[in-house]
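The same chain A turns up in both complexes below, where it pairs with chain B and then with chain C.
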Partner chain A sequence: MRKFSFMMMSLLAGTVSAAVPEFELHIRDHLFFPATLDVPAETKIRLMILNEDDTPEEFESYELNREKVIPGKSRTVIFIGPLKPGEYPFFGEFYPKTAQGKVIAR
Partner chain B sequence: MFLTSVILVLQEILEAALLLSMLLLVTRLIESGNKGLIANRTWIWSALACGVLLAWSYALYMPVIAEWFDYVGQEVTNAACQLLTIVLLLVFIYGIKNQVELPGSAHTLVASFCLIVVVALAIMREGSEIVLYLRGIMGQPEAVSPVLLGAALATGIGVSCGILLYYLLIALKRHIALRVALVLLAFFAGNMASQAVLLLTQADWAPYTSQVWDSSALLPEYSVAGQLLYALVGYEATPSLLQLAAYVGAFLMIAASPVFRSAWFRQDLV
Partner chain C sequence: MKRFILLRAVALFILCPLAARVLADGLVVDKVYHPYVDALEKEIEIRSVFQDPQPGLTNKAQVHQFSFGTSLSDKVFAEFYLVGGKDRARGFETEAWEVELKWQLTEQGEYAVDWGLLFEYEDEVRDEIQEISVGLLAEKELGSWSAAANFLVIREWGKDIVAEYETVLNSQLRYRYSPVFEPGVEFYAGQNTLAMGPVLQGIFSTGIRKSLHWEAGLIFGLDKETADTTWRFLLEYEF
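And then the complex of A and B:
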């Protein structure tokens, strides 16, 4: 069983590092950098979000169907897509006035 | 800050409050005339206490948990809690029997254990976000009072919605109320299954499946009606095929239980 789960883990890890393009999104002073993120369409994306603020933030997007809390001074990963070409707004639910951005898939 | 706080806290409170209402209703309706366990409501206080404790600890250890499994620990933990919730709901629902239970019997203990854990896990998942948010705000003195005021107001509204649902249904005829409560519980199980699948997809632990429909123009998830429907029946504007399958599967598992079938089709058991 342990051997099997190890194989599953390495299989998962293998697919992650080998095939999926990775993009970075930073949170600083309750703002997203870059506020506009260009990604390829029809491809699964590994989105690494780095929260440089001391305060937690919640990445949320109704269009991407994603939601995740990111504690202060920490990083996290969200997989998105494959996306059809188009614009997908996202925002920080804890500081929605300033923390806004969008993913553009093309 | 005030409005953000109201919206955020209300979203989290609403689901837990509605769940507690449904469970209270089901236990009251199946046990009227039966002074067994669940008729005495002490399990609620255990559930609330455990839930608050779990929410606080989960928020506290979130930075560590979030890094598990290559930064998808949060999704995996939440999905595991949701799947556990479904299992315990099934144990509870399938365990409902047509006989008077003595307080302290094995069956009553299992039933109250299920109820306590289900409610505590809901409070943990929803409450930990509130705890994280509030702890973040505490570092900004000017934001503290509007945010706390908003959180208090939202808690009031959320709890009121739960109480309103309870008394709306309890005012109905008993067999109708039981039918509605059981269907809502089946919707809740479906919602948990669909959310778990969504989280596992977000973590890349479940495969991507195509979107079944897009009703975001008709009824956006962020609208008031969308939010209410989300909390009540797990409304999604853009569900994936796997989410829909999980939703239907969990719904049917509750609907296949003896208590559900007898409430809807026979009325002999309850």
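And then the complex of A and C:
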């Protein structure tokens, strides 16, 4: 049954996400650490976002076409890319004046 | 590989609707759903469709939907609708209420295609007609382009209708030019409907976690059974 479920998911998804490089992004005091994240271009990235604050934050980037709420004291994963070389800004929608950063794909 | 992915996106947008030329009552032109849920989000939405008379009929059709929705988790979004309609014979009246659940199945970008499910229950006010819909939502990102498709199976029953199954397939290809302006094209296939036309949409931030999302489309009939033109509008306040 588990094998069947796996086959069905593979069929639906087209491809299964193989080992993709993982990067970490921390939210602390309504700031992103690191504020600049260097990632390889043309490669799908698994980005683990850890919110160390007590309050929720939302990772948002139109350029990356992603928005994801991370509750306080929790973590979540988003997938970005493959990206062309360039800079992709992101911000925290709850604290947009302080929570800012960018992904640089090279 | 890129060519293969592009071909799959084109198939998602165009070929699938052709397979759905089965029957569906009511207006097929509505909106195209995306398989994503944003946690901690609420929304108020107004959706209107204005359609020319279908061939053989004299009345233009209008359907207006007012809804309130809220996310129940980071994967599930619930929405309650009141549906109103207007025609020359009866004027404007509330026609139905509807509840809807959207379930995000996969994380955006994790697989080649993002997937979700849609469940709807509708109960007509004036007539004894109920309807349940189950839909598969798909979306594929291609750089600045996004292709989305919804395939719905609908079951209608009640004293005032002959029970039947119907299918509808809606799809959209849009260019993510800027947050406030995204042009695209939509394709609809269902009962007495095979239609396609341009759409514009965008989103304006009105504060922290507050925004106004708008969509407007002019959908043209592609065959003799479909109304010549259908206008659709959507205004959604997210908070």
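Heads up, the rule we're going with is that the second predicted complex is superposed on the first by the 90 of 106 C-alpha atoms of A that agree within 3 Å, B and C clash if a C-alpha of one lies under 4 Å from a C-alpha of the other, contacts with A are read in each partner's own complex, and residues count from 1 in each chain.
As a working rule, a residue touches a chain if its C-beta (ideal position, glycine included) is under 8 Å from a C-beta of that chain, and two chains touch if they have at least 3 such contacts.
None of the values given here were measured: they were computed from a predicted structure.
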item	value
Partner chain(s) touched by A:Pro96 [first = chain B, second = chain C, both, neither]	both
Which superposed partner A:Lys44 touches (first chain B, second chain C, both, neither)	both
Partner chain in contact with A:Ala19 - chain B first, chain C second, else both or neither	neither
Partner chain in contact with A:Asp54 - chain B first, chain C second, else both or neither	first
First (chain B), second (chain C), both or neither touched by A:Asn65	both
First, second, both or neither for A:Val77, with chain B first and chain C second	both
Intersection of the chain A residues that touch chain B with those that touch chain C	12-13, 16, 44, 56, 58, 62, 65-66, 68-69, 71, 76-79, 81, 93-94, 96
Sites on chain B touched by chain A in the complex	4, 8, 62-63, 66-67, 70-72, 74-75, 128-129, 132-133, 135-137, 139-140, 198, 201-205, 208, 216, 220-222, 236-238, 240
In the complex with chain A, residue positions of chain C that touch it	8, 38-40, 74, 106-113, 115, 141, 143, 146, 176, 178-179, 208-209
Chain C-touching residues of chain A, taken from the complex the two chains share	12-17, 44, 56, 58, 62, 65-69, 71, 76-81, 84, 93-94, 96
Complex contacts: residues of chain A adjacent to chain B	12-13, 16, 20, 44, 46, 48, 54-56, 58, 62-63, 65-66, 68-72, 74-79, 81-82, 93-97
